[in-house]
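Here subunit A shows up in two complexes: once beside subunit B, once beside subunit C.
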Partner chain A sequence: MAATRFLGLAGTRLLRLLTSQGALLLLLSLALFGSFRYQTFLTPLNLMNIMRQNSMLAIVALGMTVVILSGGIDLSVGAFVALGGVIAAMLAPAGSLVAIIGGIASTALLGMVNGLLVSRALLQPFVVTLFTASAARGLALSLTEEKSIAVSSAASGLVWLGRGFIGPVPVPVLIVALLYFAAWFMLHRSLLGLHIFAVGDNEEASRLMGVNPDRVKLVAYTISGLLSGLAGVVLAGRLGAGQPVAAFGWETDAIAATVMGGTFLGGGQGSVLPTLIGVLLLGMIYNLLNLEGTITPWWQLVLRGGFLLLVVIFQQRVVKTAG
Partner chain B sequence: MKSKKRGSGWRTLWHPNFGAPAALLILYIANAVFTPRFATVSNTLNMLLQVSTTMLIAVGMTFVIASRGIDLTVGSTMALVSIIVALLINHGMVIAIWAALSAALLIGLINGFLISRLKLDPLITTLAALIMWRGVAQVVGDGRIVPFAHPTLEALGKGYVGLIPIQVVIAAVVVASAFFCVRSTLFGRYLVAVGGNEAAARLTGIRTERVKYSVYLISALLAGLAGLVETARLAIGDPSKIGVNAEFEAIAAVVVGGTPFSGGRANVLGTVVGALIMQVISTSFNMLLIPFTWSLVLKSLIILFAVFVQRPQEV
Partner chain C sequence: MNQATSTVLCMTDIKKSFSGVPALWGVNFELQAGEIHALVGENGAGKSTLIKIMTGAYRRDSGFIEYGQNSVAFQNPTEAQAVGIIAVYQEIQLVGFRTVAENIFLGREPHSFGIIDRRRMNTGAAEILRRLGLHINPRSPVGSLNIAHRQMVAIARAISFGARVLILDEPTSSLTQTEVSVLFDVIRRLKSQGTSIVYVSHRLEELYAVCDRVTVLRDGRNIVTQPLTTLSRLDLVCHMLGRKPDQVSKGVTAFAGRPQNAVCRSVLLQAEALKYQHCQGSVSIEVRHGEIVGLAGLLGSGRSETARALFGAQPLDDGTVKLEGKLLELRSPHDAINAGMAFLSEDRKADGIIPELSVRENLTLAALPTLTQWGIVSRKRQDKLVNRFMQRLSIKAVSAEQKIHELSGGNQQKVLLARWLCKNTKLLLLDEPTRGIDIGAKGEIQRLIAELAEQGLGVLMISSEVEELVEGCQRVVVLRDGQSVAQLSGEQKNLQAILHAIAEGADCQQAVGG
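Entry: the complex of A and B
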């Protein structure tokens, strides 16, 4: 009797450890597996490559985490990345600064529209963002006539943002590090962060405590829009072109990374640093698949969807056990 | 008593979205005036032909949304059906169609299991499943386009009954039976009850899990049928192109037609009107030589507007 109870207790504790640090454990074991299988896997070059390739997704996932923490969801991020990149590429002849600011500002504005529709018009987040996503994607395709727009040589700063280095560190990786640090500080050490958690946990209660949920949601969606635009700008710099079909399905990856990081889909619980681990985990999986080489791109889609599904099922189980 | 029920039934059918049929009428008349060769019999029939697959999916989506869910997998279901039919058609039409529709039902069954049994969020679940099944369809077909020649099957997509295309007949039959199902069967009552308030529905003795299973199965089956028709029309199995954005079109039709996302109401005829509005917009853009991508923007704005107008007032 006591033994079963002990086992049950140990099980609960293991489950708790897995939810809090599961992504990290998985990441480490995957890295270990990779290093045994491929000698080139655990080299600084490959690791830096993984980080560089996934820095855009990391930026997007950061915004997604903020929105999910506030109790919402943002399906428009992928389309916003494409639109931000396209606008930056189109503005590139006017100089890097104009291009970068233009790309970020346009999607920040659209993020604000998302926020207004969700908070003031009381529409469901997924409905709003599903259709602002198609509007933004349509706009990106229309502006470019479905072609990819090369970044003009006048915008060396834009290209530097995507491809440059400061010392040994690639600029996108540096941006990610700065953003995650800033976001951690904002969420855990500022009033706004407290309000975001409060609204995500229980909107009604937060309202009674004097928080303005409308404003908090507006800020969350604006942040997500802004970060998607930034990711688009960095992506345009990296590719040397603004592509209207870029970042297709990134919302799925961003949600998967967020959920894997232990942030609850219902909102109110989670953090940003585990999201980064989630992004790296996804990146490492894709990297290993590439190294494996025998797996066609079609399987990647299957794994992508299946993985998100598994993560969500796992989280649901944990919530049930805990509650 | 009975007549009173019927009266309120008819009123709830049109009342909350009198706007949608009016918008359709205005759009059609405006196009008849401004777009050359728009208001002809052949163009109208052509529009009906093009809208019929969307109509099939949208009817299924109406059931799902009325139960307070969402099904984003429909496009991928079409793709999977398409490639299975194309690969198996040489073994006989019955086997091919049976296998394809079984695959569609399997997708619906898994959706239903995840959403009604495991209580996962319908949006996230079907978003993940959307990507996964599209991948499966491409794995099955190895990413290739598979052409085939089979006159009987192709008739499903290209044939005519008198003046009317077979596709349109299929869509009309499905719409009629869905309308009947919502209005006059117990299942229709259950559906609305579950969408309106699931806990209350369970307390009154409705097996809510079973209702939710059924809506995802219906949605998957209709998506499978749409995939079948589309494949027959094109005479190819194309796992990467068929059904892309189908979920968007279907959700658009449902929402513009006045079935609210908050569930508890299923407006099948509204969905038909919604699908027609979207098709009229597409066709007129096409005939006025405006790029298709702009119509995507305009449609999204129209849908957002429709959702905004129908937002819940009581808060």
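Entry: the complex of A and C
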């Protein structure tokens, strides 16, 4: 409301456009820049590659978005991806179905533990998930004795999940499309979705109005855990192995994609589809950095951190001025 | 319909204590169908305790509540809500990013198989809003509405529950004049539809504008329940404050008999046309060197707000503050302190003392910068200062190292006074300086304030004890709904005139003068 007085209607529109569609605008301008600089950039092959490479992150970021909308944060997603992948690879000899379900169920259970600790024990989400992340990473390392576990040939379905195609579309990309649509429907059409938004917005008011915040949080963290496990399973299929050191720092990327998509870090406001744009934006940035070839992966980390800080600072500003 | 005589809610002999301290001593409250019933009283009267018992937020210790034909004992607000007793509190609890309709239906959304029926929700919300005569889009986010409309949404939510008893707790405290009239329209509409309303407010105008009957509580007891048409404003104020206008009580405070001769001194504080949020009128005050000026008024009349605004702790919408002729820009308490002002809050525990620190540390807190060199506090200078003030104000403590929370209320107050006195203060802003202090210490504090004024300090004192103002102050400024309505001094400064000004306001404006 303050912004209306301050900038006029046009200014408010611009601000709203920047926050809601900022990621999309950035994505388009980056694509334009890339296509001028590299002939190979804007080819269907490269674009499909970017999408396929980032499918796993997109799945993780979806869970992260749900948790952030509910007013929390989940730092355990990276470790859960590794654990889910390792467990799937270890169960692969028993067949694809067992491997897939085993990988997903184990991290869904851990996500539920996150949710219980956050809602019932009233602990800070970042503390809880930081510790469960450490535990899950340790578990993945000790189960595999720090080695990569190759996926047995008995689990062709698992491999298909990571590498297969349906027509021209890679299976992981298809999974992402389905999940994002389902999540969008859940958030904007169902009771659960409304309650996730309400609790993230004002937990006390929601409680007073008859919403059960504990249950909402439990569901949100369980969804995030489950999706991390699924990402791990897909990753294991794609790599043909369960790696205990996989997905290091993915929590940062997932938070980044969510925030760049315009979801408010304080909870209660945002959506999932922009998160997907955020993921693609990140993927494109890394892709361009790789094509550039002059920036080492370590400097890429530094750039990533700095860029993300800028995004969060910008968002905070917008939220403050827009009231 | 026989609305006028059918009782909806009847509370009889309600008692409630908090850790042994009685808040309600056996209060009766009776609400009729389609009635707007004002519930008033000053601090500690027991209004909010009674409301919370009504809505199930507290449980009574004893007494009976009859609702409709049944005896009830609500365990929590949800139970009371289910049968139609709902409170809308001052701080409105809504979910800002969500729409009006979502807020009205949150927790019991129309749905099938977990999928929300948005059309039914929006039309349902629109229907309720129309019943209240409001033009609010059910699809707008609540956060984009102004406070008045948010309140309407909260009321609409209550109505959607089928509220038969709606409790409004200071509903107008943050509304503008036009918003108030919208609220009144809504309230009258609800009344005509048979809803009973309990209306808690301190603004006399509003009570007389919209309420049928009033129940006055004081110190947890019933004082009177009466139709407002048969109760004069003066009588209402007298009931609230527990004073009679013809009551003569002289020499009840330690101020009595002190010389009041500061009239010829120069002006210290000149505050003109102070306005803060949503109040229509404005406040003007002048304090001279060596003068004690009193601020009188009911709870919520703007006394504390004025003091806090002068101290830079609350933003002003308009007005100028001059200290010794110099125009001040008060953006924060820091500015006010630098200009030579000091403020003692009415809530010592929350805004004053730091309980776990010693008397010495509490006393020198504000003066530390002057006792410090290269970031090191000089203990010697600190001790000297502390000893001087402990003697001067006769602060009773085992030693300067005793923790302040172990001291009596009176001595805590003295330490807080000393905290400001060792800082070269020119103007003291005191908000209820003797509340919650036992009789003996009260006299000591009063004597101390008088002495400080005699030494040339200007004092602005808020007090709910009219005697304190009559006997202690050279002049008394009366506030009413955020407006200074009278300035009384000399012969005019008596109990009757103050009560009259609080009750009738501008009608009895006295000659304004030094």
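Note that in this section the second predicted complex is superposed on the first by the 310 of 323 C-alpha atoms of A that agree within 3 Å, B and C clash if a C-alpha of one lies under 4 Å from a C-alpha of the other, contacts with A are read in each partner's own complex, and residues count from 1 in each chain.
Throughout what follows, contacts are C-beta pairs under 8 Å (C-beta built on N, C-alpha and C of every residue); 3 or more make two chains touch, one makes a residue touch a chain.
Remember, it's a predicted structure, so these values are computed and weren't measured experimentally.
Legend: residue contacts after superposition of the two complexes on their common chain; A:Leu273 is shown touching neither subunit B nor subunit C. By the touch criterion stated above, A:Met48 is placed in contact with neither subunit B nor subunit C.
Annotation for subunit A, partner touching more residues between subunit B and subunit C: B. Of the two partner chains placed by the overlay, only subunit B lies in contact with A:Gly306; subunit C stays clear of it. Within the superposed three-chain model, A:Leu191 lies in touch with subunit C and out of touch with subunit B [touch as defined at top].
In the superposed model, A:Leu24 makes contact with neither subunit B nor subunit C.
In the superposed model, A:Ile73 makes contact with subunit B only, not with subunit C. In the superposed model, A:Leu123 lies in contact with subunit B only, and not with subunit C.
In the superposition on chain A, contact of A:Asp201 is made with subunit C only, not with subunit B. Look at A:Leu174: by the touch rule set out above, it reaches neither subunit B nor subunit C.
The residues of subunit A lying in touch with subunit C in their complex are 1, 189-192, 194, 197-198, 201-202, 204-206, 208-211, 268-269, 323.
Those residues of subunit C that touch subunit A in the complex are listed here as 77-78, 93-98, 102-103, 106-109, 111, 114-116, 118, 143-144, 157.
Within the complex formed with subunit A, the subunit B residues making contact are 70, 114, 118-121, 123-125, 127-136, 138-139, 142-143, 248, 251, 255, 261-262, 291, 293-297, 299-301, 303-304, 307-308, 311-312, 315. Considering their complex, residues 73, 75, 117, 121-124, 126-128, 130-132, 134-135, 137-139, 141-142, 145-146, 249, 251-252, 255-256, 265, 296-306, 308-309, 312-313, 316 of subunit A touch subunit B.
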